[in-house]
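Both complexes shown next keep chain A, but they swap its partner, so chain B is in the first and chain C is in the second.
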Partner chain A sequence: MAFLSPSVLGVAIFFVLPLFVVIYFSFVDNPISKQYVGFDNYVNVATNMAFNMAAKNTFIFSVIAVPLAVVLGLLLALLLSTDLPLHSFLRSSYLTPLMVPSASVVLVFTVIFSYNGVINKFLQAQEKDPIDFFKSSAGLIVIVTIFLWKNLGYNMILYLAALGSIPADLIDAAKLDGAGKWKIFCEIKLRYVAPMIVFTTIFSLINSFKIFREVYLLTGDYPFETLYMLQHYMNNTFSSGDYQKLSTAAVLMCIVMCIITVVLFKLEDKYASDLEAE
Partner chain B sequence: MKKIPPKKKIVRACYIFLALFTAILFLAPIVLTITNSFMSTSEIYSNYGAILENASGDGKRFISKMVNLKLLPDMVSFSQYKTVLFKTPDYLLKFWNSVILVVPITVFQIILATLASYGFTRCKGKFGAVVFFVYIILMMMPYQVTLVPNYFVLNWLNLLDTKWAIWLPGIFSPFSVYLITKYMKRIPKSLVESARIDGANEWQIFSLIYLPTSKSIITSCVILVFIDYWNMVEQPLLFLSDQDKYPLSIFLSRINTKDIGMAFAVAVIYMVPGLLIYLYGEDALVEGATYTGSVKE
Partner chain C sequence: MKKTLCLLLAAIMMLSLAACGKKNKDNNSSNSADGSNNASVAIEAEHYFEPEYYENMPEEMVNSSSQKFYGQSMYYIGNNDEYTTTGIYEYSLENKSVKTLAEIYNDPSADPTDEKGNIEQYAVSDDKVVYVYRTYQTDPALNDMDFSATTEADVYNYFINNWGYDTEMVKSELDSEYYSSYKNADGTFDYPGIYRKFAASDFPIIEKYYIIEKDLNGNEILTSELSDIMVDQIEGSYCRILDMALDSSENIYLLYNSYGNEYDDYCIKVFDKDGNPGAEYRQQEYIEKFYKLTDGKIAIADYNDAGNSELRVFDAQTGTVSEEAMYGETYFSYGVVPFDTNKLLTMDSVGLNLVTDGEKESKLYMKWLDSNILGGNVYTFGLLDDGRVALYLNHFVNDKSVSEIVVLNETDKEKLLSKTQIRVATLYLNADFEQAIVDFNKKNNDYHIDVVSFNYNGDDYDNYNTYMDNFLLSLATDNTIDIIALNDSSAYNHVINFAQKGLLIDLNPFIEKDSKIDSADLVENLMDPLKYDGKQVAMPSELIVSTLIGKKSDVGDKMGWDPKTATEILKSKGDDAIFMLYTTRDEILERSMALAYNTFVNVEKGSCDFDNDTFIQALEFSKTFPEEINWEDESYSANEPERVSKGKILTGSLTVSDFDVIQQYQTVWNDEATYIGYPSAGDNNGALIWYEGLYGITKNCEDPEAAWSLISSMIKIPKDKAEYRDMYGVYNFYIFPSKKCIDLYLEVASENYTEDYTNYWDSFEIPMKPLTEDMKQKYKDCVFGTTAVAGSVPKGVMDIIKEEASSYYSGQKSAEEVAKIVQSRVKIYLSETR
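Here is the complex of A and B:
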């Protein structure tokens, strides 16, 4: 169809077709002699220290940050849906960080978290030991904070929309039946919000892989090892020009993401059709 | 008026306090950046010079001097802005780089995505479903994966280190197709049928029915795509070796440590386009969310 072709053509040229080249490179010894080496590259990458460290750090970050973004976003939406005054001001303030480029606020976060920054000044006043955020595992706290700051707002408006779609008479009827707040939340609200929970998980997961930006802006090319992300590994592999390693790492990540995608979208379908069965 | 029992009043007050407190936390970094941009360069150095000392220190570190985060400047000064705007053309050039990279990506990605979404919505049969699934998978792929195939093609086409290296993968990125298609699928088929009977062709159905109805989700996508690319770091680092072509999003982090005396002003200038777009499109963003990832089709 004429409407589809420009996009499909571009996607094929820039994403899908070269992906096959990537897969091909992951099975040869180098781009020039092109000897088939089976799974050697995969063994090399999977046992590579830097790759493992990067994969572990990225995994830990996503496993902490994504559920927090999903749950806190929902709590924020529930808080806002209780008819607070200044409703639209509050909503806008939660959403504004989404629209501010990270590069612009990195300086403030540096001032807050640096070794002689605001938090350590406070700790010192309390006669506690300072925390070296950018050079210890506490760095995770910094990037999770920034991630939540940026992403909670959008998750919140997605939930607000889902909460708004619950038929009012359903809740009224439950109230008449004497259902408590907790019961209404579990049995009505949660069911209506369930597909959206999956969707915000998807959205937050996509964004969690972009945390490299903030890490890079805060700490540069060579961060402390707990902040070394997969994108750092890829950048280093790019600059060393090691195509096989690069391709193999990309294929490995691609497989993991495919599995996660299929599971999440199946879940979304399931919750959505549960609702439709009403 | 109904009487509210005192216990409920307390709970409500707690909610309001909590909501306001969160709002202040969320706005603080932005407000601080703006107010601090009106400090004179010397005031900035005396308040924040400490983080520079720290950056250069190595090995044994002890805290000799602490930063002094202040909300309001002692004296309002435009010296940071003057330096940025009139004395150091570098930053304005980088700002222009950002504009020239991001605007075409946003415009063309949205145009292509809108057309494709209409195609997917109207396309019946297995083929469309399979291709759409490929789009979903691609949308989920992080840059860590997609930049590798992009790199091979750009290298092969000899486009590395040109603007096209940033433009083309951005324009064809399938991100907004998913959101717009989901929205368009909710538009009632009966509208299409009656337009058909009135003799409308595909293009008319698209431009007169689907396009106007999808305005809010398209605006949402414009906002999301614009801010995502305005923030870009990964692609220029890999696809542009000439640092003169870097957008301000990368360059800002280098200023932060070098020219801290005017970094806040640059940061504010870089924030402005995003905030303006947000002012214009906030309602659409909220409205677009109503059907985003929403259920019933």
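Here is the complex of A and C:
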């Protein structure tokens, strides 16, 4: 315990204590008068149009982007685990987006997707109407693209590591037994990679919230409604001093995340527990 | 168990994403224009002093310069009111008496070729005063010129050709006091004498410089002419003496600026105690003055490449300045006093700071407000020989300049802390409010008001939100703030925001009890915008109402109109007609939104409707205005009155109280003016309230009665016309929102137009006539009918509208598309802030 105390103390001060402060603020009327209001904040936030819109947009984004990141990452890993020419170079290339600062990423995507950007110039050359990506529902395409561009590489590396840990003799034995590629993939590779799939799903889910950074740089405090995410809500309520709304939204989000995490763990238990037992 | 712990950790990590903070778009926003941090200034000073005042200063001190404290006296170069007598004087703090050390009288009626003198600079030691005496005269060669043939026409032509006068103006000038000595008994003028005076101004001036030493009884010790030594003797060069100093060896240091057509140098010359010239030094960079260090050496303050001032020691032997700066970079502009071997005292608007050599940050030594001293009045300061700090104050009381000396006597800080502390938070502490605080502290011994200021002075508007964020954060976290004081027009929204958070208490009970204010007399429509939930949450100290005027035959006689009507009328005036001058698209959009905000937004329900024709019309109307004003373009405002008369400039903007402008336009239009207002949707008169000074008491205040006393002291409600003139002056358009104040304003304004006189607007003669009852009634109708507040649209909403409008202005999108996007984005904002 003595050896653990610095870490425990650090976690307590920088994580546990803020947690309780956040929960506290979710039960007061505002940070100035700090009057206890019970669950009023939860009712207000849960019925607030802006919060619901942000939650819906975040959910839609996560439902689209996270599975894509998981599946495409796996596909990339499967591709690069074969003897493809330049596969070492390609592996490194897919990781470089992680190193690029968000501001630079935003600049590039602005050049491509803005109203006067490359894509719209191309469309106008084809005598078609330009698309206002940042001020319409087409904005979802942009942010999903940014998300995938940034995160695919990392998922791919994780999957490559997982694929590398599959015992080769299992696959050889399966081939000897006449199993085809698809069967090998479903019955052996997928099951070995399942824990990593859970991990990358959780990780991608967490990263999906960080897309706020790019969206904020692209569109500001109050973007078009389809780009308005939960973190916009939280950021704006912080700026306006409405800590009670911010804290309530955070607690609600936390509960949802915990539920999702529990479900994922249950799924992992179901499909990969036999591998763990081994 | 493991999974439970993991879940908990995941939950904690998720919640840590909650407070990610606001990204500041401007990385430079942490510092305000003068380099100070825009976080709140609520630092405690190390020391506390009680001020000892010396008042009723002599006339010469009021018109003084170069004040220096030495021993137990203040020395200064003083002048009488007529500036005919100049001298070096010593005011003794012990005896409270003045001694004349040197004095010169210049006869104002003397001929230009007569020699006159001036004391330029001086230095003082224990037993003597040394000063530079300059004599000047017009070259006596002027006397060889013959002006006897000069006629009246010659004099008139001189005025007309050289100074742009017309005949009437020349006549008026000659009849003035300035030329009274040239007027003969029969009413004619000594035209040769006047012309000689003109010629003298074109003749070279002969100057001589002397160093004079006198003992402190005024007996001359030494006179040494230094004209040949000091002046560059380059044709067309000038010399300006900046400072003098004496070191511990009684060497004399002279600092002067030598400049000519192609150079501008700062020079130091050293003379020994007998006046013999010694080392010299010159540089192009500015040197402000000398500072005598505690070891007797002389230092100068100059500026480094970064523009910061540094103190460097001057070596009198070698005539060089030390490479290394003492005390690092600091802001010496307001003065520096060596305090100890390696310490300096410097001065700024907050108080005195102690700078220690080798330490990066200075410490706040004392705060002006702690000692109830108005920082803006402190002209200079110094150290007496007993170590006490002395200040020289100069300020205006009833338009008259007043001088005071204050000696600071250190006292136990407990004396200050034992008083009830009232803390005021403000974006910027302006002079009027600071004066009110000092007056309050002086009158109320049991209280002390302290100020938390964020140093926003209105110049850094791009970072205004950052200042307000810091202000709000401070209010949220510091429960010792008792009063908020905001004095800019953008503050209105934030005051309402504070009220929504329950920060501000209801001021109605204090208003009712205040004998100065008759609550029934307050103008409801001007006070109602400062109500929230039935409570009066803020009190304005004064306000103006601004609007537009239009020609009655063009715009009708009713107040208020919509953009569509305004556009139609404008179009009927031709393609070259414009709506008004000096207003940009963004500004007109802000004003029309402020007027029509309740038409587009239902604040209670948190809903909005911008996707409609009314908003589109407002956008289209704003597009007719320029994006920005090119102030260099003279053609933009050329021939303004002529264009107004022809209807090519449709309206004029003004504060409704400005009857000069109304009469101007009425004359040029040859028609009555209507307070037509800014075009906007909704039912309003088109005029806007601009609050100047909003004050509220926070719910944390433990003594709201005392807090209200301070706020009440900011409110000026005159009893009669004379008091009105004293409080507001004659041409002040700001009013306190009371009916009595408004009536008194009209009475005073009426007296400004008691008889016909003529004003001019370019070449148009504008006869200023007495105010009619109709004009006064129109004024009242406008003021009593105005409900919209400038800056009332939340900045978040206005930023969205302006941002989207820019794509309409640039032709990228149609007004309809912009309306849809604005609707979408503002809807989120309103819902979020509900």
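What we mean here is this: the second predicted complex is superposed on the first by the 254 of 278 C-alpha atoms of A that agree within 3 Å, B and C clash if a C-alpha of one lies under 4 Å from a C-alpha of the other, contacts with A are read in each partner's own complex, and residues count from 1 in each chain.
Quick note on the criterion: a contact is a pair of C-beta atoms (placed from the backbone, for glycine too) under 8 Å apart; a residue touches a chain by one contact, two chains touch by 3 or more.
Values in this document were obtained by computation on a predicted structure and should not be read as measured data.
S.K.: Would you check which partner chain A:Val22 touches, where first means chain B only, second means chain C only, and both and neither mean what they say?
M.R.: both
S.K.: Should A:Glu268 be classified as contacting the first partner (chain B), the second (chain C), both, or neither?
M.R.: first
S.K.: Thinking of the overlay built on chain A, is A:Ala250 touched by chain B (first), by chain C (second), by both, or by neither?
M.R.: A:Ala250 sits against chain B and chain C alike.
S.K.: Just checking: does A:Gly241 make contact with chain B only, chain C only, both, or neither of them? Give me first, second, both or neither.
M.R.: second
S.K.: Should A:Asn48 be classified as contacting the first partner (chain B), the second (chain C), both, or neither?
M.R.: second
S.K.: Applying the document's definition of touch, where does A:Cys186 land relative to chain B and chain C: first, second, both, or neither?
M.R.: Touch partners of A:Cys186: none, neither chain B nor chain C.
S.K.: Determine, under the contact definition given at the top, whether A:Cys258 touches first (chain B), second (chain C), both, or neither.
M.R.: The answer is both, since A:Cys258 touches chain B and chain C.
S.K.: Does chain B (first) or chain C (second) touch A:Ile157, or do both, or does neither?
M.R.: The first partner, chain B, only.
S.K.: More chain A residues touched by chain B or by chain C?
M.R.: It is B that touches the greater number of chain A residues.
S.K.: Considering only touches as defined above, state whether A:Ser33 meets chain B (first), chain C (second), both or neither.
M.R.: second
S.K.: Looking at chain A, which of its residues have contacts with both chain B and chain C?
M.R.: 11, 15-16, 18-19, 22, 115-116, 132, 202, 206, 209, 212, 216, 220, 231, 234-235, 238, 246-247, 249-250, 253-254, 257-258, 261, 265
S.K.: Quick one: in the complex, what on chain B touches chain A?
M.R.: Residue positions touching the partner: 12, 15-16, 18-20, 22-23, 25-27, 29-30, 32-33, 36, 48, 50-51, 53-54, 61, 63-67, 69, 112-113, 115-116, 118-120, 122-123, 128, 131, 134-153, 168-169, 171-172, 174, 177, 202, 206, 223, 227, 230-234, 237-238, 248-250, 252-253, 256, 260, 263-264, 267-268, 270-271, 274-275, 277-278, 282, 285-286, 289-296.
S.K.: Any idea which chain A residues touch chain C in the complex?
M.R.: 11, 15-16, 18-19, 22, 29-33, 48-51, 53, 115-116, 132, 135, 202, 206, 209, 212, 216, 220-225, 228, 231, 233-243, 246-247, 249-251, 253-254, 257-258, 261-262, 265
S.K.: Quick check: in the complex, which residue numbers of chain C touch chain A?
M.R.: 3, 7, 10-23, 469, 472-473, 475-476, 497, 501-503, 606, 699, 796, 800, 803-804, 807, 812-813, 817, 821, 824-829, 831-834
S.K.: Could you please specify the touching residues of chain A with respect to chain B in the complex?
M.R.: It comes out as residues 1-4, 6-8, 10-11, 13-19, 21-22, 76, 79-80, 82, 84-86, 89-112, 114-118, 120-121, 124, 130, 132, 149, 152-154, 157-158, 160-162, 164-165, 195-196, 198-200, 202-203, 205-206, 209-210, 212-213, 216-218, 220, 230-231, 234-235, 238, 246-247, 249-250, 253-254, 257-258, 260-261, 265, 268, 271-272, 275-276.
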